[in-house]
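Below is one structure. I have some questions about it.
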Amino acid sequence: MLQTKFPSQSETVMTEMVLPNDTNNLGNLMGGNLLHWMDICSAMAAGKHANTIAVTAAVDNVSFQHPIARGAIVTLRSRVTRAFNTSMEVYIEVFSETMASQEKLLTNTAYYTFVALGENGLPCPVPAIEPETEEDRRRFEGALRRRELRLVLSGRLKPSDTPALQALFKVD
Amino acid sequence: MLQTKFPSQSETVMTEMVLPNDTNNLGNLMGGNLLHWMDICSAMAAGKHANTIAVTAAVDNVSFQHPIARGAIVTLRSRVTRAFNTSMEVYIEVFSETMASQEKLLTNTAYYTFVALGENGLPCPVPAIEPETEEDRRRFEGALRRRELRLVLSGRLKPSDTPALQALFKVD
Amino acid sequence: MLQTKFPSQSETVMTEMVLPNDTNNLGNLMGGNLLHWMDICSAMAAGKHANTIAVTAAVDNVSFQHPIARGAIVTLRSRVTRAFNTSMEVYIEVFSETMASQEKLLTNTAYYTFVALGENGLPCPVPAIEPETEEDRRRFEGALRRRELRLVLSGRLKPSDTPALQALFKVD
Amino acid sequence: MLQTKFPSQSETVMTEMVLPNDTNNLGNLMGGNLLHWMDICSAMAAGKHANTIAVTAAVDNVSFQHPIARGAIVTLRSRVTRAFNTSMEVYIEVFSETMASQEKLLTNTAYYTFVALGENGLPCPVPAIEPETEEDRRRFEGALRRRELRLVLSGRLKPSDTPALQALFKVD
Amino acid sequence: MLQTKFPSQSETVMTEMVLPNDTNNLGNLMGGNLLHWMDICSAMAAGKHANTIAVTAAVDNVSFQHPIARGAIVTLRSRVTRAFNTSMEVYIEVFSETMASQEKLLTNTAYYTFVALGENGLPCPVPAIEPETEEDRRRFEGALRRRELRLVLSGRLKPSDTPALQALFKVD
Amino acid sequence: MLQTKFPSQSETVMTEMVLPNDTNNLGNLMGGNLLHWMDICSAMAAGKHANTIAVTAAVDNVSFQHPIARGAIVTLRSRVTRAFNTSMEVYIEVFSETMASQEKLLTNTAYYTFVALGENGLPCPVPAIEPETEEDRRRFEGALRRRELRLVLSGRLKPSDTPALQALFKVD
């Protein structure tokens, strides 16, 4: 049996500078470029947790709160929140700052799901997660609910079979 | 008041060939590259509907069902499903085929949300959507539920204020 | 013997958005980028017709009629016009439109020639073309003349052995 | 009146190494990448001749004689062959060699036509060409014929108004 | 007068995954790609220290100790070692690890020098550095010697005017 | 024994045009892009000299004397200065010019060191260099000194074992 790991063991930090070709016609970072960077940053977190290559299985709840201007420094920080047999959920936060101000602004958050693949190219088991911090624990709990949601939305689970979601959306 | 538009008026088709640098170490298209292409394809659909530039506001329910091998032809097809004042939800489907087989396989689907920006860079109203086909209508209806979900997940709406979701997850 | 195919069976549509790095110092799409996109778009048409990989053998008569500005949506549409044993001529049209206007302007046309390669890397036979529309038929006829021209220009045919061209340029 | 220039004054040499992403699925340089490099190399020759920015107006007679393998060194050599008021024809040759052999093989030739643009973005006159070498002279003469051909093919000239072509394709 | 800063205040961490196009024909990361990443990573450290844009003035002593294979995770870590009026020396370390082993191997080190530019595009003063750790102090001391060396090598200082270097290379 | 070669036999010329994505936020060529181009240009010189693939081992004394603006034509010229068993030092010069002025300005110089690798991936011997011109001879002599310096700076040689450097920095 694989040894349990902490979320901090998979933490991955990526820093990028917004260059001209990363921008749209308003001079801000294009959403698609950021989605690409988030994918790489979270794939590395998943790979560190699984000790093998991990491929993207789902992307959810990516929100874009503030535009990021050309020239800004973008910091991405990802860590595995929970593991489910052969898959892992990764939480990722994106901050932007300018050279002049250097105040980090939280601009994006997202959840990416990865599947670990063994040398034969088939899904392989990954270590379980043992949350450490209060926030780790909160994300660990929420992961169940987000997983039910993913399965409902992809048609692989009936809404009536989702106790965690039913508890959330119940009418009082 | 802006004239209503049909989803078909914003339909955008993009075809790409999977080149070496688009692949991961298993020789398949990387998730991040596909997310980037989907963003561009759906941004063009949103821009056509709004007749102005549109920036990514949210990405949800991206699922990756099958790996896409190097050399494959990838077809992306996007159309606006519903408009909400200044924002639009875009549905996007991704198909892959090989030169030899030419059977199109549905490999990914996703919902992207965009905000239309006027010349002053501020959100501006977009035309409403009038669904035509049966499928358009189904996606138009579901858009309400997905929007409630996005607002709950980003903390801007309480789970108790989501009639569409409560109806879905109610315990009988 | 390979079954005859229609030009419409190879039709390939590609949509691109002109991003900052695609532009020259006047803020318009660089010719070289467009040539690259046209090559990919027509290679996919040739590959669909031949059901195997096809490599560029010649490019002719590419004309650039209007500049395409940064931010524009570019639509490329290609289809095989005629097949000659192991090679195929592909006709490609390029249209540009802006988000605001959405009037499609024909900006470029070109003929690309491809050779189909089999699994051993050698040229392999491709299906013949059966033109359907009036325009298909006109392009099918002209293909002979353009082929004579390519062979004369590359020194593989003497000008005196080109009946189709002689008919075109004859002095009355 | 602008001073006449020699073709050698615009000669531009570009050397590139074929990297993984420049290749197709056979491991050879993709036609589209080479077209892009040829455009840049000949745009620099045209710019040097015109002393101002030059944009691509036409591409003709690009032939691909040999595949160029990944890892090869590609040398492009361009020079202006003739100038016509505001436009210039550029001839470009492409050679490939491997690190091991270092025998240069002529793999491609092409003619690109450029229009010089002044500061106001409108076409501006360019110096005339005075051919020096025997080869320069031959290309200078042929440029008239190729120009007639371009104008016929783009529908701006009737085949009956092309003395140089009529002489070439006359029936004895 | 600008307030002194610690090296740790400019520390910048960048993580990259080696993708196919980053590699040479041996399947290892190309030196040129790594030089590019190091430039971006150290430019961000310099920009954070100077609170303004910083441009590369010199690169020295870049050593490549081990090849980095495709698929590896590359971590770059940079911090300002010393400031000289308008310029800054940045030290940068590069580590590589594989998904499977996750042992970080020091593969490269380098010194990059940057000049801070103000809003008028001219060099502007930057804060002095106050070293904290033992290693910071050692790099701070060595910076003088490396600066003398840069000035000698670029011909702006005579070897006879370099007390720090003379002390180092003196014959006993 | 391998036959001696002249520096001119490895000379490699590369011409690039500064495109939008190559620039920083001041509209000038980014240092990192130039370092990348210099690496490719000098790797080709080393490969031509060694007749086999060569990988970067060290980069030294890169100086950036003038900013290079977007739209400029950049010419890189590299040649092997001296060979040491399995390694080679390459000198590289960078010139920039604008379309309008066409005066070449020397903007950068650098020394790159490469190691030749044989088919087994291990270092293999390379031909010795026989300098021809006065400048070749000066660079050939200096190469010994620069090599001592690289070995001292990477800790593989003691400052007391560097006769060439001691002669340079001796106190009179």
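The letters A, B, C, D, E and F name the chains in turn, as written, and every chain counts its residues from 1.
Keep this in mind: a contact is a pair of C-beta atoms (placed from the backbone, for glycine too) under 8 Å apart; a residue touches a chain by one contact, two chains touch by 3 or more.
Note that the structure is a prediction, hence the values are computed from the model and not measured.
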Item to check | B-D or E-F - the one linked by more C-beta pairs in contact | outcome: E-F
Checklist entry - Just going by residue numbers, which of C-F, B-C or A-B has an interface where over half the contact pairs are the same as at A-F? => result C-F
Checklist outcome for this item: With centres defined as the mean of Cα atoms, the chain at greatest distance from subunit A is chain D
Checklist outcome for this item: Rounded to the nearest Å, the gap between Cα centres of subunit D and subunit E is 43
Checklist entry - Per the centroid of Cα atoms for each chain, what is the distance between subunit A and subunit D, given in Å? => result 49
Next on the checklist: Need the CA-centroid distance for the pair subunit A / subunit E, whole Å please.
Outcome noted: 31
Checklist entry - When the centre of a chain is set as the mean of its C-alpha atoms, what distance in Å lies between subunit C and subunit D? => result 19
Next on the checklist: Multi-chain contacts only, two chains or more: what residues does subunit C have there?
Outcome noted: 20-21, 24-25, 30, 40, 43, 53, 71
Next on the checklist: According to the definition already given, which pairs of chains are in contact?
Outcome noted: A-B, A-C, A-E, A-F, B-C, B-D, B-E, C-D, C-F, D-E, D-F, E-F
Checklist entry - Considering the complex alone, what residue numbers of subunit C touch subunit A? => result 19-21, 70-71
Item to check | Of subunit F, residues touching subunit A in the complex | outcome: 20-21, 23-25, 30
Checklist outcome for this item: Note: in the complex, subunit F contacts subunit E through residues 24-26, 28, 30-33, 35-40, 43, 53, 55-64, 67, 110, 112, 117, 121, 149-150, 153-154, 159-160, 162, 165-166, 168-172
Item to check | Sites on subunit D touched by subunit F in the complex | outcome: 12-17, 40-41, 43-44, 47-48, 50-53, 71, 73, 99-100, 102
